[in-house]
Amino acid sequence: MEILLPILVGILFASGLYLILHRHFFKLILGIIIFGLATNLFLFVIGRLTRGNTAIIDDDVTIASEPFADPVPQALLLTAIVIGFGIQAFAIVLIKRVYQAFGTNDLDDLDKTDKIHEELLSEGNTQKYDQQD
Amino acid sequence: MQHILLVLPLLIPLYGAIACLFFWRKLGVQRVIGVVTQLSLCAASAYLLYKTDTTGILTTQIGNWQAPFGITLVSDIFSSLMVLSSAIVGIAVFVFSLRGLSNARQLFGYYPLLLLLQMGVNGVCLTGDLFNLFVWFEVLLICCFVLIALGGSKPQLEGSIKYVTINFLASSFLLTGIGMVYGILGSLNMAELAVLVRSAEANHGLITLASIFFLVAFGIKAAIFPLFFWLPASYHTPPIGISAFIAGLITKVGLYALVRLFTLVFVLNQDILLPIFLVLSGLTMVIGVLGAASQVDFRKILSFHIVSQIGYMLMGLAIFTPMAIAGSIYFVIHNILVKTCLFLISGVVYRTYGSFALKKLGGVYLQQPLLSLLFVIAAFSLAGIPPFSGFWGKFMLAKGGLEAGNYGLVATSLGVSLITIFSMTKIWNEVFWKKKPAPTEEAARVIAEANTAHIGVLRLLHLPVVVLIVCILFIGLYAEPLVNLALRASEQLLNTESYVNAVLHK
Amino acid sequence: MLEKLDLLLVREIISSIFILTGVAFMLISTIGLLRFPDFYIRMSAITKGATLGVGLILMGLGIYFNQPSMLLKVLVIVSFTFITAPVAAHVIGRTAVQNKIPFWDRTNLKELEDYLQKEDLSEKESDIKVKKG
Amino acid sequence: MKTLILAVAIRIFIPLFVIFSVYILFRGHNHPGGGFIGGLICAIAFIFHIMAHGPKDTAYTFFTIKYFRKAHQTGRSSVSSVLVLVYKNLFRKKELQAAPDWLPRQWRVDPIFIISCGLFLAATSGVFGLFLQQPYMSALWADMYLPVFGKPGTPILFDLGVYLLVLGVVLKITFVMAEE
Amino acid sequence: MRIFLIHSGLSFLIAYQFFKLTDLLPYNAVTASGVFILFFMTLWLSSALYSRSYFRKIPIAIEFIIFFLKEVVVANLRIAYDIITPSYLMKPAVIALPLDVKTDLEITLLSCIISLTPGSLTLDVREDKQVMYLHTLYAEHDNLDKIKHTIKDGFERRILELTT
Amino acid sequence: MLIIILAGLFLAFSAPLLYKWLGKYVYVPMALYPLAAFVYFSSYLTDVLGGQTIFAIHRWAPSLNINLHFYLDGLSLFFVLLVTGFGTLIMTYAGGYLKGDPLLGRFYMYLTLFMVAMTGVVLSGNIFCLFVFWEMTSLSSYLLIGYKHDKAGSRNSALQALLVTGGGGLALMGGLLLLGAVGQTYTISDLLNRGDLVTSHELYLPLMVLILIGAFTKSAQFPFHFWLPNAMAAPTPVSAYLHSATMVKAGIYLLARFTPVLGGTDAWQYTLMAVGGITTLLGALLAMQHTDLKAILAYTTISALGILVTMTGIGSEPALQAMLVFLLAHALYKGTLFLVAGNVDHATGTRELDQLRGLGRSMVPTGVAASLAALSMAGVLPFFGFIGKELLYEAALAATTFKALLFAVSFFSGMVFVAIAIVLGFKLFWQASSRPTPMLHTMSPALYLPPVIISSVGLLFGLFPAALVTPILRRAAEAMLGVEQLFELALWHGFNLVLGISMLTLLLGYGAYRYSNRLHTYAPRLNPLYKLGPQRIYELGLEGLLNGATKLTQKLQNGYLRSYIFIIISTFMVLVVWVLAQTGPVLDLSGRWQEIRNARLYELVLIVLLVPALLFLFRTRSRLTAIAILGMVGYSIALFYILFGAPDVAATQLLIETLTVVIFVLILHKLPEFRFLSSRIQKVKYMIVAGLFGCLMTYVTLLVKQYPLVSGLKAYYGENSYLQGYGRNMVNVILVDFRSLDTLGETTVLAVAAIGIYAMLKLKLDNEH
Amino acid sequence: MNLFSVTLIIAIGALSVCLVLTAIRFALGPTLPDRITAFDLFVANVIGIIAIYTELTGNADFIDVAIILSLFGFLGSISFAYYLMKTTR
């Protein structure tokens, strides 16, 4: 298993990224979610795994005895999952709004804001040095 | 005392935001809360800087848990400087937004978002814990997401998509990087990490590998080439109050994190890392400024300039001498103020002339002499013309670079600043000097809107610009205090021991 | 007397029986899910089997642990599944009818016709009764 | 979705969910659970209701405080008149329904209000430490043990804040989405 | 219903206190259940004094549950057989069941019980609450009334007994 | 001295207000300021002439060793008197020239700013203090050149001047930084003693070149000369002040100032002589071609600057003396001539030679001033220009190398100057003409007095050189040469070779004047040659830069999100692979088989289940199916969390996954079905990148897990969660107590997300549909 | 590794096979309600796996997750149905 979960992490990362690289809105959001899952699992796996032991102290003792799971990756993961949820929820709504406003599914149609608009090129970009005006 | 002092930059905006949320639909109340909060935040930040400067590094162990086990808030000169500049920028943007932002947007949580964004920024700057850094980054990031999309106009949505996706990737890289660091070193406290990394058992290869994750993550957030694409795609899309704040501050926060981590934790294998920084910094400067030179829109020029300037800030890290890092620090502070100021100026221009396109603007020089003067000062500060503020940062960087023998990078930086001058004068030529063309339809609408608004609108819009310009002039004409602070801050950064001792109470 | 009995073994055996029965039910249900000809048959036959299976497994669990708290938890889960499963089944089934998901051709649909008319769903019976299986 | 069976089922579920979520919240300190999970479960109860009845109905049923208010309230609303208002509405509701000079009023509790309450609680649970010259978020524990509640202390308060906030957030999101 | 809940709660509390305060019995699931049932029975018996209907309903409820479990297991076995044998015995049909139960709660209860029993599924209830549409697997196609009768006599009757 | 500077700055910024209050009399305070400065600095004359140098040091940025360090020696004093003296007259003149201009206030602001900057440059005793003022001159001259801002030509000229001098400034900055590093001080007086240290350093050559570029751009030396003629777009007072008398001489000042530090080497000498010589010739040639008054003046200025640079390059005592004298003479006559040109322009509305004739009748004082200046320019006895020219010839003849060339160059330029002087001083004004150019405006005293005064000063200096200028020039030369100077200036040296050459110059110059018309007809034939000149290179460079920048930007910032992400991920992978290759932790695969065998069946099944699920996700056309798959994937991962001991995480994951499904369902019901948009090639490309990325992440994970993890945190939380945090669930105790700040941030994120979603769905401004 | 845990592992393996079969039905579809049903069964399977795993490890805390899942597991089905209703109506 120590080798299987890392492979799963890789698979999730790959599929997340592959979906993100698609042009379709919906694939993008799916990709974002899967990428987030991959990230979370990565965080979990890399903090080392213990099979079957939780990070909860038994009722009859006051100090946890080995073996118990490392609570740190779990706590980090919880925070990360929740934060990821917030961001993903926002992203989903954003996608919806983009579709509403633009009426397209194609991310490639959204190339307006960062391109230079040819019609706005003015004399600022063409120097003239004749003294007459 | 320091327990309170260190959490104030987080709690003041948080409570301000909570209060605003309680009065969700009451704009007037929110504004009053905003004024009080911003002023007290500024005062608290200034006092924090003063205290940090006079008594050395301040720490508080949140929850009263000893250092590596809980979360530590740390304030050294660099972080408290960042906190103070964010507070100043916050005030300016807040005042600008009172009249510079439509009421509809203000009604949908603008003020609480702004405050929470400030809280996130302060958190990033003050935290001494790696994962907590991530959390604060997410706080500021989601605030940015929301603010950029606030209002949902078409360009905003388009910009948001790119901003959200790419920054999400950045966060993922950050998170994976944090996972790796924990997986390698078993700690999250940055001071303890600094100790662990320098210990004999440290696995140099793995730690350097982990540092790449952080480099990419913060590289995206700081808009370093070739990771910057989201910035020019999105920063010019929201209303100006928002883009001024985000553009002024957020990339610098990414850079702050980069500087913090790569001076404190990732100091191994510098023979591999520094050349990477060197190349990235040079390319960032050049590509950014070329992008700016090619643009024909007021805000887009400014946006691309952010990229270019980030290259300068990275330069200090690439050179890695006290002088160069001090240069970066100075540059960060200078750039926060100047960039915000320039964006606000573009906002004033928009409010009065109804466009951002250079072609459609003109004649401001004749009609608004004060604004012209303010722009000249800000623009030439940005371009690094002495004695304005940009010069000092450039000077320190160039000096550090030459001392370290990085002639190529210094030459690049100087060349880039020439193109910076060029593109700033392009704005000046087109917007201020050129004759005014006939207003377009949109322009007419905006102008009409502005005219029907309160008579004090313009004056109120000018106020924050003036305040920022005063700050810019201060750090330029009387550069010594900030230069001195920057030098000492960089000493603090490079002398890790004081940080570690302060946090771990050794 | 009671203490001397090897309770653990007894519990294990009873629990095993419960669990194996439950798992068998689930396995059969799942096979049915693959085999049965139309949606409605799968729906009305299968999910219940699974519910029973889960119930049996949980009973086995409760017997094995032999703790009041675990018993309570098991009861809670069983009652939850027994409440939610039919509701979910009903909702999905209803949706399926309204979405004109086809019935098996051997289904007697005489009494559904007036419902379809009333709900303005009927174009023709043939429309909803597509030949299958 | 207008289906009788679902509607009835949900009517039964909601108190179940809410009780269970509070239970999860308080046992979270010792067992799996906690404010976040609890808040989500509570919110899911209302999501069911939204799906079955629509957001308006849900908001009216659960998030609207119906009270009576004196008609033609002249003069300033002094503290005493507010107290009278609260008292009458809490204990003399029947009377008010009949009284002609008391008119029914509604106050819709916006989930944002719940969010801000939660955030306030979470943030404030840490402030007490500051007054005792201790760092922010320093835990203060009572010296006793309550049956369901566990050991009372500021971290529990913090968790309660998280619970409220999550509840508010999910409600806000689903309300606005369902209204779309 | 309310009385039932109160009784359950009371028994739970009493059982809890019993184990907490006394050492009479070892603490495990069997004894705990035993104690709980003991107290519950006591309470139930005492209820004859003030609530006759409640007193009457508990045995009905128990009988109902047993009947229901039997039905579930039998139906499950029948379907299991159908699944593992290659040919189908089933004769699916949709039937419109006229309802005697009236209240929303009853209808819901009936529908849930029907749905829980393998081989039948509630599709919808007509808006006037008079007819329930069911999908069932083992109907005789020429005589749908037979299956209707089974349901009405089995579940519906018991529910009505329980609620009135 | 700081007071003077600060007062100047204050005055500069209050100029617009003063204009508002004082109206056209604003020139009074503005002119009084340089006058006061002139008087103030004159008060140091006795000290300085007595051989003292005066220091004033004010702390500015001591951390960087940059201080407001003022340093007054002979050279500085000479220049500062020039600057303030001229300043007084120009300020007055501008008041008349731009009378009634609404922007006069701002004009005065810029001009005063410039004057302050220039004063600062020549007074600075710290190289970066100097640099700061240096750049201020560029900045203020930019604003001044662009004064007629509504004209594109003006704006572009201003930009050009700024870019050229600003670029030079940056080079200068680099050079000064190197100089400071090499000389280990920023203080000029200290540097002056370390000439040997600097010239022998290996960085000497680059730093010298950089500083020279700075000086050359400012002083309009070839190949940077082209901005100066274009800068004539500025109003005439600016041209007179900046582009003849002061700013362009800042470069000369710099060269002179650093002669003791950098001079004396072959590289220095040859560079200066070559560049200066070419500039001289080029300026002279171009001056002959033009018919626009100011253009002619500009090119002769370039030529004169070339001479100054050449002389500085020669570096011998006579050459430097000649340089100083000629500098003063040139300032005097060229300043006058610019003002005259301004008057002509002002009065007639044109500056074209062809259209101007018979002006003397209506503008007598101006004509007189022009004649006086022209005589000086031509080097006629007894004008100061004569002394300058004599000294030049002497210095050229005394040069040790390239004597002939140097002489030829000075002679040729002298000849051209004569020809041009005849045109400007006489032909325009006094040649009889039947149809004199009509006058549009009459001359006010403010307009004609300054040229008259300046030209008279030229005459005065020529008549009494020993008394009036020798002492200060001696001290100035001493500052450059480092030894005490005892030379005397005299108008009359008796009949000697140089006098003869002067006469010859006059004669040939007259000849050139006679044939100048023919020259004008030949000149256009040379135009293609100039097209290849530096101006063209500048234009092409700028254009190329812009085009290149535009193309590059459009290529990179192409608007396609996928391409951005592609680049980002590729960068990441390249960096990771590079670091792996460099630092080389390698994955050890031995013993991994054992781990696979340890895996449980159900774990394997879960993983095997996920792969086809994901593949199905790529292929499906139904959104709802995709969402369901997403839910199943999320549930499976939650199951993994359970299997590995994280029930809290699993519960959260399950809830979140369900909630995500709910959100999808609530929000996405109106979207259309999938279309497959990407082309096959794109898909393959992206598939490869994604696959590589996945492999890399797996590799990294395995790599990290190969080493043991020692976590102090785990042990600590195990011990203290219950005893100090009063909770058995360590994860929860971490969340609400140990790391409660994280949770606070996390909840904030959620709150903001809720607000954001609300705002996004409810607030739809400009909702075009 | 006693007989009991072998039994449990066999059981959990069988449930895993169930998961695969469910997934196949999911992939086959053919209609959306079919997939929803598969999803439902998937959830039930997961609950079963958690239950057996709890028994396997003897750690009672895992079953809490199953409680939570059993509570809202059908929210998925409900919301899919909701979706279908919304898109058709």
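Just so it is clear, A, B, C, D, E, F and G label the chains in written order, and each chain counts residues from 1 on its own.
In this section, a residue touches a chain if its C-beta (ideal position, glycine included) is under 8 Å from a C-beta of that chain, and two chains touch if they have at least 3 such contacts.
Labels paired with UniProt names: A = Na+/H+ antiporter subunit C; B = Na+/H+ antiporter subunit D; C = Monovalent cation/H(+) antiporter subunit G; D, E, G = Cation:proton antiporter.
Note that this is a predicted model, so its numbers are computed, not measured.
Traced through touching neighbours, the fewest hops from chain E (Cation:proton antiporter) to chain G (Cation:proton antiporter) number 2. Under the touch definition stated at the top, chain F and chain G (Cation:proton antiporter) share these contacting partners: A, D.
Centrality by Cα centroid goes to chain B. The most distant chain from chain D (Cation:proton antiporter), with centres taken as the mean of CA atoms, is F. Note: centroid distance chain E (Cation:proton antiporter) to chain F, computed from Cα atoms, is 89 Å.
Per-chain Cα centroids separate chain B (Na+/H+ antiporter subunit D) from chain F by 25 Å.
In whole angstrom, the spacing between the mean C-alpha positions of chain A (Na+/H+ antiporter subunit C) and chain G (Cation:proton antiporter) is 27. In chain A (Na+/H+ antiporter subunit C), the positions touching at least two other chains are 20, 28, 38, 40, 42, 46-48, 52-54, 56, 72, 78-79, 82-83, 86-87, 89-90, 93-94, 97, 101, 107, 110, 112-114, 116, 125.
Counting partner chains per residue, chain D (Cation:proton antiporter) has residues 1, 3, 5-6, 9, 30-33, 36-37, 41, 44, 47, 112, 115, 119, 123, 126, 136-137, 139, 169, 173, 177 touching two or more of them. Multi-chain contact residues of chain C (touching two or more other chains): 29, 31, 43, 51, 65, 67, 70, 83-85, 87, 89-91, 93-95. Pairwise chain contacts present here: A-B, A-D, A-F, A-G, B-D, B-F, C-D, C-E, C-G, D-E, D-F, D-G, F-G [touch as defined]. The touching residues of chain G (Cation:proton antiporter), when paired with chain A (Na+/H+ antiporter subunit C) in their complex, are 53, 56-57, 59, 61-62. Across the complex, chain G (Cation:proton antiporter) meets chain F through its residues 9, 12-13, 15-17, 19-20, 23, 26-27, 29, 32, 35-36, 39, 42-43, 46, 49-50, 53, 61-62, 64-65, 68-69, 72-73, 75-76, 79-80, 82-84, 86-87. Looking at the complex, you find that chain E (Cation:proton antiporter) touches chain C at residues 26-30, 32-33, 72-73, 75-76, 79-80, 82-84, 88, 90-96, 111-124, 126, 133, 135-137, 139, 141, 144.
Contacts from chain D (Cation:proton antiporter) toward chain G (Cation:proton antiporter) in the complex involve residues 1, 6, 17, 20, 24, 31-33, 37, 41, 44, 47-48, 51.
The touching residues of chain A (Na+/H+ antiporter subunit C), when paired with chain F in their complex, are 1-15, 17-28, 30, 33-34, 37-38, 40-42, 44-59, 62-66, 68-72, 74-75, 77-79, 81-83, 85-90, 92-94, 96-97, 99, 101, 103, 105-108, 110-116, 123, 125-133.
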